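Please read the structure below before turning to the comments.
Chains: A, B and C, in written order; residue numbering restarts at 1 for each.
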Amino acid sequence: MSEIVESARSKTSLVRDYGPIVLAAALLALVPLAFHDSPSKMTVIIGGLLFCAYAIGFNVIFGSTGQLFLCTGALAGIGGFSAAIVNDRTGVPMLLAIAIGGLLAALVGGLLSWIAVSRSLDTIFTGVVTLAFSLSFENFVLGRKDLTGGETGIRIEAASETILDDQVAPYYIFLGLVVVYLVLYRVIQRSQMGWAFKALRDDEVAAELAGVDVTRYRVYAGIIGSAMLGVAGAVFAFHRGFIGPTTYAFGDVDVSVLVMLVFGGIGSLLGPVVGAVVFTILDEALVDFARLREMLYGIVIVVLFLGFRRGLIPSLESVRSKRRDRSEG
Amino acid sequence: MADDLLRISSLCAGYLGEDVVHDVDLSIAAGEAVAVIGSNGAGKTTLFKAICGMSAPSAGTVTFDGTNIAGLGAHQVVRAGIAYVPAERHLFPSMTVRDNLALGAYPKRPEPKQLDFVFELFPRLKERSSQHAGTMSGGEQQMVAVGRAIMSNPRLLMLDEPTTGLSPLLASEAYKALAELRADGLTILVAEQQVPLALELADRGYVLDHGRVQLTGTSDELADDPEVRRAYLGVA
Amino acid sequence: MTAVVLDGIVLGLQMGLLGVGLTLVYGLGGVLNLAHGQFAVFAAIVIARLLDADLSLWVAIPAGLVCAALLGLVIDLSLMRPVYRLRGEDRVLLGLLLMLGVGTIIDGLLEWRYPIEALSIRVPGGPVSVLGVPMRRGGLVGSAMALTAGAALFGFFRFSTFGRATRSVIQDEDGARLCGVNPGTVRTTIFVLSGILAGLVGISRSMTAPIEVTSGVGLTITALIVAVVGGLGSVSGAFLAGVLLGIVSTVSAFYIGSYITTIVLLATAALTIVFRPSGLLGHRP
């Protein structure tokens, strides 16, 4: 009897935990039906999914353990450039190259995280150190022309005439990546480690007293999130067939990812998805305004942060729970 | 009592919407010294912070010299004439003693006469006037904190546990300085756990427990009260 | 070698002047002004527009500084209010994000309206010999401006009542309130002052290199590096760090060259945070 209750309960919690992911995936899966014959729109939409993947990776690092990594683009770039270079120079197959890219990003991200944690840097200092790393990476990409092609970038032929070529199939590959990342995020959230993350976020001192190894879990988050970023950057490199200095630049990646995540809700499962969808639409809507776009983008940032300080998803959730409290009480 | 310098009525105060101090009435006439005694967590600090504007009281009035100052910011309360020495002192660690004292007179420039007065009260500060406050001992830091408060030429001096972290010898020295100030005519309100010292200085006292005034009377009455003797004076 | 070092000092004084505005605002209230460089560009473009309209330099420069000050005032009185109501990391994060948005707005506005505008002030006269090295007059005048501003700031913080009050808020905000200092007033004043300082950089820097509408982000990052190395909140630290980094920068550009120089500067900032988070002259509570 109790076993039945137990399994029923775990089924409902399974639905509650993973239902939103399924729902979001199903909705996103319908998008190409509307846009599949417009290559330019598909390019934009795939870009949106890429940024969604970035935002989830960033969410694992920043949302879960509060480490302000201002090097999302650089970590993705380490994945992208190393995968492309390894594939080109040694002929390593594409999938293995992507794995190598992810691994390298994980190593670097883990190292940054370890430095931040072991020197107990606060938000601002972690941000500045990782920003310095980002900009150094950019300068490196521009400077080491022999490796990265400098300003002209590099072409990657490996993916031509594979599933990553074209538009619709890659869309579903990126969607798959996003779903895997979301599931991974949820699994982490529900694991022992996730409990520790939550305790950390609520009260670091209390978590430390409760025996949570702050250092270890922060570094874990740094490694996992960076691996996500590296893999996403590498997959994108093969799909696009070209990467250059702006593909992973701070100004082109990090600012958008940060804005998307904060808008959607830091530390919430679907925050990155909502943020990416809204900002992709917004970006597209502003495309006709050409030079005016950057200014409008800035205004949107300011207005959104003043209005939705805690992010859209958490704001909605708190409204809903208040309503529930009222109806119950 | 129309000539009360400070009168607090039905004051409630706390943190994050949770009241710690309930319905406190307290008054102090010009020239008086009054002690608020109570154990750790009785609500003394919360009460003092609400009076001096470090936090806003949730209900009640604080009348200073005929005007209600409840809800004013700390910087406005100081300028109205109440100087507050918190238990944590809040000195400026990388500034010299002289600069710390000078800031007490803000927004005015420090008057040389006032500075001399402080140096007379605490000759040690004169010797150390160009030392950084952060490098001084606890007793010296307490002197700087009191000196800084006096620099504003206040009409009421409030001190929250001035003996925190001081040895018994330094604690009684601190109270000696307060007694000198009192003899000079300064009105003093002090919160203290070291009850004997406080009652020796004060004319009257209030016993605060669980955020409420449990007992009030002259210092002699309180010192003779069996409850006070048992709870705070360690006498069976 | 002497020439390279002297060039480094000239560059470094500009960097110090740039860092000092950012460091003050952060020290006072935890707001990292990621639009600081854009403030400098804003002032420079205002001056350039006025010069285009055939106004004299002696009118254009004060007007540019006033505009930068007003920009600071408006932002402090509007956007910074909700920021200062928050505490701790929430405040830091919202302040940083809002100023990032402001920087984007200024960048976007200038690039939209005046895409090819730039300020480049030519100081007349030939090179002047310093320690046997012929130095451009523009660089020397710019350095003199930076030194004057630095000295004025130093005097202000050391000897004026309001300067002392500003230092008190940086060191212990509650202590400052207990002395009768209103932290809000101090923060507004210093935000305006930092706008003026940014405007000064726009002017003095344009005597050696043109300030373009796209220069903002680069200037902000330089300011950030300088402020961090000098110690967030420290005025003299910012100038010291500026001069050191300026020398490092020209020496490294001369002997190693190109992109490595930028990486060296960035690495210096990162290593400072990791090994000496209080910076050269900063203090941490």
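Convention: a contact is a pair of C-beta atoms (placed from the backbone, for glycine too) under 8 Å apart; a residue touches a chain by one contact, two chains touch by 3 or more.
Just so you know, these numbers come straight off a predicted model, no measurement behind them.
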item	value
For subunit B, the least number of touch steps when starting out from subunit A	2
Chain centroid nearest the full-protein CA centroid	C
Whole-Å separation of chain centres (CA-atom averages), subunit A against subunit B	54
Centroid spacing, where centroids are CA-atom means, of subunit B and subunit C in whole angstrom	42
Centre-to-centre distance between subunit C and subunit A (centres being mean Cα positions), rounded to whole Å	33
For subunit C, residues contacting two or more additional chains	none
Per-residue multi-chain contacts in subunit B, two or more chains	none
Subunit A: positions in contact with at least two other chains	none
Residues on subunit A engaged by subunit C in the complex (per definition of touch)	66, 68, 115, 119, 121-125, 127-129, 131-133, 135-136, 139-140, 142-144, 251, 255, 258-259, 262, 291-299, 301-302, 305-306, 309
For the subunit B and subunit C complex, residues of the former touching the latter	52-54, 73-76, 78-79, 83-84, 86, 89-95, 99, 102-104, 106-109, 148-149, 152
In the complex, subunit C residues that touch subunit A	30, 32, 79, 82, 89, 92-94, 96-98, 100-109, 111-112, 115, 217, 221, 224-225, 228, 232, 258-260, 262-263, 266-267, 269-270, 273-275, 277
Contact set on subunit C toward subunit B in their complex	161, 164-165, 167-168, 171-172, 174-183, 283, 285
